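Presented sequentially are two complexes of subunit A, the first with subunit B as partner and the second with subunit C.
Entry: the complex of A and B
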C-alpha cells in the first residue's frame, strides 16, 4: 500500500490539509474523502500544504478538479502551497497554475482569504 | 582600414574619431553581453530596439521575424501602434545590408508599400551566414538626418550580434517547447501505466469509474463529462457531471458507433436523428467512442476544459487510451465476477450432491421374500430426489420415494429435512395416513409454503403380504402382476409442504403375490427429454415394464435406465432420475 497521509487542521476559519507521501490513483480516494468531509461540513476555505508531498499523479490532480467548482460556488477556494519543484512541475505541465493559486508559504495562502476584494 | 575610409568621407571632427570608435567598440561589447545574458526573446528584442532607437534617435522601432517560407511577422514594436504586432508580410527577397524604404518601389512590392504606410523608413535585415531570419524597422529619425556610413557599419554590427542572439533564443525556445511536450507525453504515459496497474487490481466497477473520472479531470482538466458503458444491448451512463439530464438510449448507441475520437462540430449526421443540438446544449464538445474487439463497448463525452483551452489531438489520443484501459478493466471485473459466481454455483451444487448422496440408503435392508433395487442418477443441477427403505419396530418395511421442488442445495436441504422428519415420526407407531398428515404439517412449517414435495410411501408387511400406501401427489407407481395385468397406486392426498393437512390422507391397501412387481419412479424418468424436447413418457415406460416384468429387480432397473438413455441419446440430463423396483419372489 502506498504511503499517503493527510493531516487536517483549522486556522482562522481556514482549513489546512497537509499532504504527505504519494498521491496517486491508489491513494486519491483518501483525499477525495477529506474534501468531501470539508464540503459536507460547509468548510470552503481550503489550503492544501504540499510540503511533504513527494509525488502526485493525474488521478491526484483530478481530485482537486472534482471539487474546485463546488468550493468556488460557495465563495471559497482551494489554494496550494509549499510545493517541491518536482510536484510543481506536474501541476505546471497540466496547466494548473492558470486554474489555482499557488503560494510559496502556507501563511500567504491563508492571508489571501482575508484580502479585501479588488 | 575603416579609419582610412572615414578620413575621406565626412566632415566629422577628426579628433573625436579614435575616442568615438573606442566608444563604439565598448558599446558593442556591452550590447552583446546584455542580449546574450538572457534567453527571453522578448527581453532580447526589446533591448535591441531600444539600443538602436537610442543610437539613431528614432522614436519608433519594430522587429519582424521570419516564420516559414517567405513570411515575416512583426514580433515586437516600440513607438509604433501595438496593433502592428502580428502583421505579416510576404517578402521574396530582402535587399542585403541596410536600406532606406524610400529607395524601393512600393508599386512593385506590396510589403514595401505597407512598410511605407506604417512610417518605416530604415530597414536592417537580420542575417546569419546568408540566411535572413528577420529584419528591424525604424521610423523617421528625429533630426531627419541621413545615416553616415560609419553609423551604418555600426548598425550592421549591432544587427549581426542581434541575429545570433535571436536565433539562439529561438532555438532554445523551440527546445524548451519540444522538451515540455516530451515531459507531457512522459507524464501521460506515466498516468496510463499507473492506471493500468491500478485498474487491473480493482474489481469494483464503481471504484474503477471513479478513478477514470479523476484521471480525466486531472490530466485533461475537463469540467463536464458523461461516461457510458455498454451493458447487455444498452449503453448506460455510469458517471456524469453536466448541466442537465444526460443523453440516453438510442442517442448514446448512435454516438457509440462513431469511429474514433471526434469533435461534436465535425459529426456527420447520417440517420434521421441529429445528436448535435443535445450535445451542444450540454456543452459536450468531444466524443470518444471505445471499442473492444471491433464492438462498441463504451463512450466518453467531454465538455469544456476549466482552462477554456481547446482539446488537442494529443488530448484525444490520451482519452482514447485511457478509455480503452478502463473498458478492458471493467470487462475483466465483470468476467471475474461471473467466474466467481459460476464457481460459487458449482461449489453449491457439489455440496447439494454430497447431501443427496449422504441421504440415500447405502445398504437396502433385506426383506424376506422380497428383492429391492433402486437407483438415483443426479443431474448436473442436482434435483431434490430421494428414496428410502426403513424397517419399523413391528417388523414391517417402509419404502419411500420423493421429489422436492427446486434444485441445488435448497432442494437438498429440504430433502434432508424430509428424511429426518420421516425417521423421527415412523417410530411413533401411527397409521401411514396419520403419519403423512404429521409429515405434511412439519414440512409446511419448514418450507413457509414456497416449496413442496411429491411423495409416495408404503409399508410392506411380508407376513400377510400386503402393501399399505399413501401417495401425496407423486407420479403413480406401477404394480405389475405376474400375469401381466397392472395397476397404479393413486390413493393418498395432496402434495407435502403447501398447506397444513386439511383432510386426512387416504390409505390404499393392495395384496401382493409371488411374481408381482412394484415400480416407483420420479418425473426425471417419465419426463426425460431428448434433444428434440420430447418426453420419454409413461407409455414407453409401461412397454418396458411389460417386456421385462419376469426379470429380477436389478435387471428391471437397468432395463428402464437403458431405455431412457436410448431416448435421450446424449441430451443433457435436466432432472434427477430416481427409481425403485420391488420384486416379490
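Entry: the complex of A and C
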C-alpha cells in the first residue's frame, strides 16, 4: 500500500506533478526523486497540483525549498495549485506564499509561464 | 476520552499510525477537524525529529506517544532515549530570513510551536528525552 502518489505529465512544455495522499518524512523522498528527474532532464517549468494532497508536513515543504533556487536559476519556477485549505494553512504558517506563486487552478499556473514580461 | 499510548519503531513509515492514534484521541476529546489536524501535524513533526536526529534512522529504537486529558487541556507526551539530540535545534528560525536563503529543514520545531499552545522539552541525552505538546479546547 502506498499512501502517496505522483502523476506526472507534460502540457505546453510545462511539467505538471499531481500529488495524491500524504506527504510526510516517509513519502517526501518520492517527491524529491520526481523533482530530481525533471531537473536532470532540463525541465524547469514545473506546476505542482495539490488537489488530492491530503496532508503535508515540514519534510514535504522542505522538498520545495530544496529545488526552488536551482529551478529559478534556470529560468523556471515551481508553481503550486488547487490546495485544500488544510494544506494551504501549513504553507501559510511558514510564510511560503511569499516565496511561491499559488493558484486556484492548474491552468492559471501553466498560463503564467507564458505571460509576457512587463 | 481515555488516556492511552502507542509505541512505534523509529521508522518514518510508522508516522501515519501515530497521526491516526493522536487524531482519534483529539477528536474524541472534542477538537474540531482543524485543531485535530494541527495536533496530528505537531506530533508528526516531533516524531520526525526524533527519527531523524535523536535516533538517526535506527529502526531498532522506539518512540512512545501518550495522550492525556485534564480539564480543557489535551496533552501529548513523546518520549525517546536517543543521544544525538542537539538542543540548539530547538531555536525557531526567523522565517523571513529563512525563506530568503532557501534553507531546508529545521522547520519542525517552528511548526510545533505555531500549532500548539504549549511546547516543552526535557532533554537528557541517552537517558530519556521528553517533548510535551499541549493544546486547550477553545
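Operating definition for what follows: the second predicted complex is superposed on the first by the 116 of 118 C-alpha atoms of A that agree within 3 Å, B and C clash if a C-alpha of one lies under 4 Å from a C-alpha of the other, contacts with A are read in each partner's own complex, and residues count from 1 in each chain.
Throughout what follows, a residue touches a chain if its C-beta (ideal position, glycine included) is under 8 Å from a C-beta of that chain, and two chains touch if they have at least 3 such contacts.
These numbers were taken from a predicted model, which means no experiment stands behind them.
Q: After the alignment on subunit A, I want to confirm one thing: do subunit B and subunit C clash, or do they fit together?
A: clash
Q: Tell me the contact category for A:39 with respect to subunit B and subunit C: first, second, both or neither.
A: The answer is neither, since A:39 touches no partner chain.
Q: A:95 in the overlay: touching subunit B, subunit C, both, or neither? Say first, second, both or neither.
A: both
Q: Does the superposition put A:69 against subunit B (first), subunit C (second), both, or neither?
A: both
Q: Should A:22 be classified as contacting the first partner (subunit B), the second (subunit C), both, or neither?
A: It touches subunit C, and subunit B stays clear.
Q: Classify the contacts of A:60 with the two partner chains as first (subunit B alone), second (subunit C alone), both, or neither.
A: First partner only, subunit B.
Q: If we overlay the two complexes on their shared chain A, which of subunit B and subunit C does A:6 touch? Say first, second, both or neither.
A: neither
Q: Of all the subunit A residues, which ones make contact with subunit B and with subunit C?
A: 24-26, 57-59, 61-62, 65-66, 68-69, 89-90, 93-96, 98-99
Q: Looking at the complex, which residues from subunit C come into contact with subunit A?
A: Against subunit A, subunit C makes touches at 11-13, 15-16, 19, 34, 37, 41, 44-45, 48, 51-52, 95-96, 99, 102-105, 107-108, 110-111, 114-115.
Q: Write out the stretch or stretches of subunit A touching subunit B in their complex.
A: For this pair, the touching residues of subunit A are 24-26, 28-29, 32, 57-66, 68-69, 89-90, 93-96, 98-99.
Q: Sort out for me which residues of subunit B touch subunit A in the complex.
A: Touching subunit A: residues 180, 183-184, 187, 190-191, 194-195, 197-198, 207, 210-211, 213-219, 221, 223, 306-307, 309 of subunit B.
Q: For the complex, give me every residue of subunit A touching subunit C.
A: Residue list for subunit A touching subunit C: 3, 22, 24-26, 55, 57-59, 61-62, 65-66, 68-69, 86, 89-90, 93-96, 98-99.
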